[in-house]
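Going in written order, the chains are labelled A, B, C, D and E, and every chain counts its residues from 1.
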């Protein structure tokens, strides 16, 4: 109860007028059965949090059900400890990369048989992402990926190719005077666009071998990223350090995701978003994430609370109004088929959307979970010049295989 | 109660002392200056003092530079960051206290309506208390202030029971260990000394076990349970600390009281405890700090609505970005009460930590 | 007011390895002021603390007012104690310090307590200090408050453990008189421990001398001074100390001569004395400095040199070349040169004789039996 | 060895609010042993610490061996100091304690240091203690080590700050003699601070009396005792204290009578004394207890009652009903009853006269000019 | 009132309060609560360490009773311990941890004594205020300060540490990607986190140093350094030693610094023991193995402490009090 009170006191009721008109096509009212109360967990930035609270309020106002949302600070730890202990939520909001692992560990529930929405309502990639071995364990509402962001004061025209981009970066890169060519966190997720652009891959359960770290294409891609981007970046590969120069207007380009935009707006940087430039002989192919509402273990029973949770998830992922607003305000990339490529979307989102089209969804296979850390270590080493790409990837692959055992 | 009163008095003295320091300093400076002018005092000495003071100040400031740096980013408006590309800056470019306002949010005591029914009549007196505004966040362009006040309340409701509980556990134990001889006394003391140190960082290692136990007993997400846990972890070190302190209190006070006819518990209440003021203050601060700053266990055990300040602070950090200005402002606001308390308790803590009982 | 009786009292520490007090018997009369004196570590404090109930005797019994209190807890004994370092509660005002005992051991109301405290404070001349904390008091004032705290309770017995030893010489004299005055007024049975023999002598109705946990002698001060039971008591009581010499006894039937080093040669004529030393080869003789006088040469006069002359204003102390550190106290106008050779004489009646081995007085027993005092 | 000269030495604390030492002038000769005495807080320690270099004078100069050392740091002055609480380094053995000063202030090799320490230790009779830590020593042993530590450095000047006040009476006397013996042997200039006038009197070649930061009198002990410069000195030196009475001066030209309360009536005949009190209404007279004798009734004999009789063994102190606490020291065989009425008499030559207002001696100046001593 | 006081009197007369052995009752509550919250989990961990516990099986089963059976986890014997003790990464972390303890404690002691001397110096004015300011780091949650230090040690040219180096004319350092630079960064941060505690203990100890001893040494001809070595240091030795042992334990168990800085990197090179355990246990949720690691760590630190307590005679005050 205290959550609700708190929601009421802290959401200052902005845009209340919009809310009432928006709830028209939600299927919730038509449902029968008793009213339930569901818990939903998420981990959001401050800017997104307001919208989320507003959405919850809107749903709770319009529906007989109640959904209580909490912003949980370490969602992974929290879910893995609380769900098996029977203390977990009904729904939680995260990118789709946990799907396989969590399904195998019994943290999430398949509700494909009870769904009231057709998965065809979402883009194919999104619909694919929420399933594991044919089980639907949640509903998608947005995509995320990294794309090219440029400072309009320095760059007139977003470059089409990496070669073009390089010359612009070169022009602006001058660390002595605190300007840089590029702001680019150097980790597996961010680098995946290049690692996969020449046909390489990190991990693909349908490929042979599943682990593609040492494939020559992958190595080539990473080497490419290293050669072309590192010289124009600050020395620290971590997100924080990389994000800073561009957001202060001191870098020509950034490669980053939609979540970055709010910071940029806050700081008043004049920016534009474009598709990732293409490397010679390839196409940037970043890993994409699908943000989704997971059906947690608590939804295993068909009671009113589960109904509440499901109806919220369905309402949230299909409500065009809501999603459009999210796109406008938070740069969220819709995966609802009806909105996906729509011209109604702001240009940034359209650009991200295009990148998403080029990209490949992150694997949902549980084994993927054990790939990230060794790969991150390898990339750090490579970035720091402590090892060649080939050697580092070999080492990483070895560690991954050990972990799998 | 007299303990409380004496603490209040001491705090007052300290405050007065603090306030009169400039006056005293001025007086001293004048005396020295006169002495120097009259040729009685060699000018080398005051200069040496000045030099040493400045040197000390430099060291202190160097140590505190990270804090200052945080402060700058907190004052740089919402865009502040400790990752500033623009080189070393000693002052914020566009100082703004907005992040602090965001942390605090509105400080408004709303107006209440108080009705007083007048007996034997139908009528009632109705008062409207005025609305008192200390800080109106919206005036600074802050619409969605942080949950600081709630976190603060949670922290307080965790830290205070922690302090009370640990005092209840520590004080009798320390007294008995310091003053009485009984079976197993040495073993317990030895164990405490040992665990004082082993216990310090077991937090993480024990998290799994702890969480399991809490969950199974259904005590997770309970602030009180967390307090009990903190109090438990505080027992060895603080018992030991207080025991060492009590060892330094001459036995003759106790004997005087006994000869005066005081029963054991009154000896403790009327003599030992008031004389252990410094030790108690130290234990107080330490246990309070445990409850106030602990992060890992609190984050594991507590649900959102019960987040304490450190967890609340860390929930500002999202997967990809740290809102430095707010983060810093939050942290500094968080630390300020402790600084104040320490400033006044310093005397006691320095006395309470002297381990006088350890010598010889 | 009550008597205090110690009966074979014994205290051992560390499982009997240290015997702090060894089988002491003592009767203190009602209203008597007994001083206990002895060198450091002789067990004075331990004895006192057993009377107070702060230590439990290993064996033996303690009775206060005729009632056996050996197993009675300290707080149930109606005694008050004044400690060496005052033990005033530093966090309480003088008023609260004094009222504490009343609060604990009586049923007096707050007002009655205040009244009692005020009266006592007036008696002690500390009524102006009632609101101060011990820290703000001078040594003498603290001592007064500590006394007041004991007096205000009007106990059966007062116990003092070297209450004046932290004061400077002048103040000590003043406080000494003050305690005596109070004791005269209140007539409370008191046991007063000190290591200062002068204090013990001047203050006590009776004086108890301890050494190594054992009782050496009890008696009226003058008696103890004039007739010490053994060499220890003789040397301990009196300042400057009694001079001691080991001498050979040369008895040729008619006369008895005492022959020592440094040309000491003394002929005993008194029969009683001759009897006392009779049949022994060697005895220790003791002679008090004030009984040594500078004389001309003559029979029994000893010739010696003045090694050091110490003027103390009222008198001069002459350190003489007889035995080890032999002192004569002479009037301040007797001023021999350092190194000068002089003759000193002393009266046979002022001589004390002790067994050369165990130090027991050779005269004490006979005199005791002749004129028993206590 | 060296002289010590204090020239207008002054020390203020808390920005001049407290004047601890007020313009003291003093010359200590080479090899002289000077004792500084005065009540607590009179500035003794402060003076000594200024000589040591531990405090810096507010104004004035200090010279050691003729050399101005006012601005020389303590560790560069060749002085050794013995502290009240011994100040032995608790973590060092006796050996190391004694060798520390040598290590710091000389260039001796390790072996030489060991040798020097051993020699001194033998001289002090502490050679068996060299391997012990201070904690394991008794008070007297600690004191010996502290002395040894000072002596081993063979400094120009020894400074002692109440070195014996933590010892018990007996030990104090022994150590006192020991220090004197050492000083005689070493002949090092020494300044010795104490609050015990007896110590000051017996030990000092010369005695310096301070009060309230001001120098009251300097002189050979006996001289100071016999001829105090003012009432303070008269009262401070000597035990029991000098008795004081305020009397009216009734001069009818032929005779001068001093009339006080309690039937005190004394006729002055000596011209010198009559001159001294001449022209005054009231004077304070001082008379030492040992100068008061019990007599029969007669001219100038004062009749009074015995209030308390205090036996100290060698003597009896009679507290008489004249003025406040008037004491007569009489032989121990003079034993009037308490409350008995007796006559006491004193010689006019033993009387001291002081100004009733400022306490200055009325005889001092005249005698000074007649026979200057220092 | 009178009944109340009579009751109070009665209670006072209850003999056991004055019996020495009964004093154990005063210690027991603390001991009990402490055991319940610290020893029970340790025992529980010990149990888990012999099973293949992971979240899915550990929490299976209902009711409080399943706590005691470790849910449905299966007994695997000492397999977890064998796995840990044969893992080269473990031995690497073991070595690094001790190295870290040695270096960071040395750094902490030197820093703290230095700072403490400065803020108690005779001639320094405003000491009290300085002392209050200096403890500010103690009032901030470690997780925050460590995050800040992570920023300070950014390898980027604009990281604070690098900016300072730049201002001094040095070139930038890749702090966290170079093994020893990262190790250095850990040490600096650890020292900064721990100095307030050490300084207040040292300051208190310094205030108890006998002024008279200093004066004796001055008169003996000792200069500042000699006095520090021969008077100050021996006098503060015990409290400082005590604080050092405490802080050594803290260093041993340091988790947040390596974790937040670079997960014990680069490439697990600086993985301190607790980080190692955390990585093994939580990244892949192998609770059984995690428990085994924790216990091995606890055992080591227990032995370390035991040796220190014995050797440093910390429990001495215990013996004779």
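Assume a contact is a pair of C-beta atoms (placed from the backbone, for glycine too) under 8 Å apart; a residue touches a chain by one contact, two chains touch by 3 or more.
This is a predicted model, so every value here is computed, not measured.
Between subunit C and subunit E, the least number of touching-chain steps is 2.
Taking the definition of touch as given, a chain qualifies here only if it contacts subunit A and subunit C alike; those chains are B.
Ranked by how far their CA centres sit from the centre of subunit D, the chains are topped by A. Set against the Cα centre of subunit C, the chain with the most distant centre is A. Of all chain pairs, the one linked by the largest number of contacting C-beta pairs is B-E.
Note: Cα superposition of subunit C onto subunit D, rotation of 180 degrees, nearest 5. One simple way to say how far apart two chains are is to compare their mean CA positions; for subunit A and subunit B this gives 40 Å.
Subunit A and subunit D have CA centres that are 92 Å apart.
Between subunit B and subunit D, the centres computed from C-alpha atoms are 54 Å apart. Residue positions of subunit A with contacts to 2 or more other chains are 77, 81, 85-86, 178, 240-241, 244-245. Across the assembly, subunit E contributes residues 18, 58-59, 151, 154, 156, 158-159 that each touch 2 or more other chains. None of the residues of subunit D touches two or more other chains. In summary, the structure contains touching chain pairs A-B, A-E, B-C, B-D, B-E, C-D, D-E.
Across the interface of their complex, subunit B is touched by residues 12, 17-18, 20-24, 26-27, 29-31, 33-34, 36-38, 40-42, 44-45, 48, 58-59, 63-64, 66-67, 114-115, 118-119, 121, 123-128, 130-145, 147-149, 151-152, 154, 156, 158-160, 163-164, 167, 192, 195, 200-201, 203-205, 207-208, 238-239, 242, 245-246, 248-250, 252-255, 274, 277-278, 281, 287, 290-291, 294-295, 297-298, 301-302, 305-306, 308-309, 314-319, 321 of subunit E.
Per the touch definition, subunit D reaches subunit C in the complex via residues 39-40, 139, 168-170, 173, 177, 180, 195-198, 201-202, 221-222, 225, 236-241, 288-290, 308, 310-315, 317, 319, 325, 329, 332. Those residues of subunit B that touch subunit C in the shared complex are 2, 6, 250, 252-253, 255-263, 266, 270-271, 274-275, 277. Per the touch definition, subunit E reaches subunit D in the complex via residues 210, 212-213, 215-223, 226, 230-231, 234-235, 237. Within the complex formed with subunit A, the subunit E residues making contact are 55-56, 58-60, 150-151, 154-159, 172, 174, 176-178, 262-263, 265-268, 282-285.
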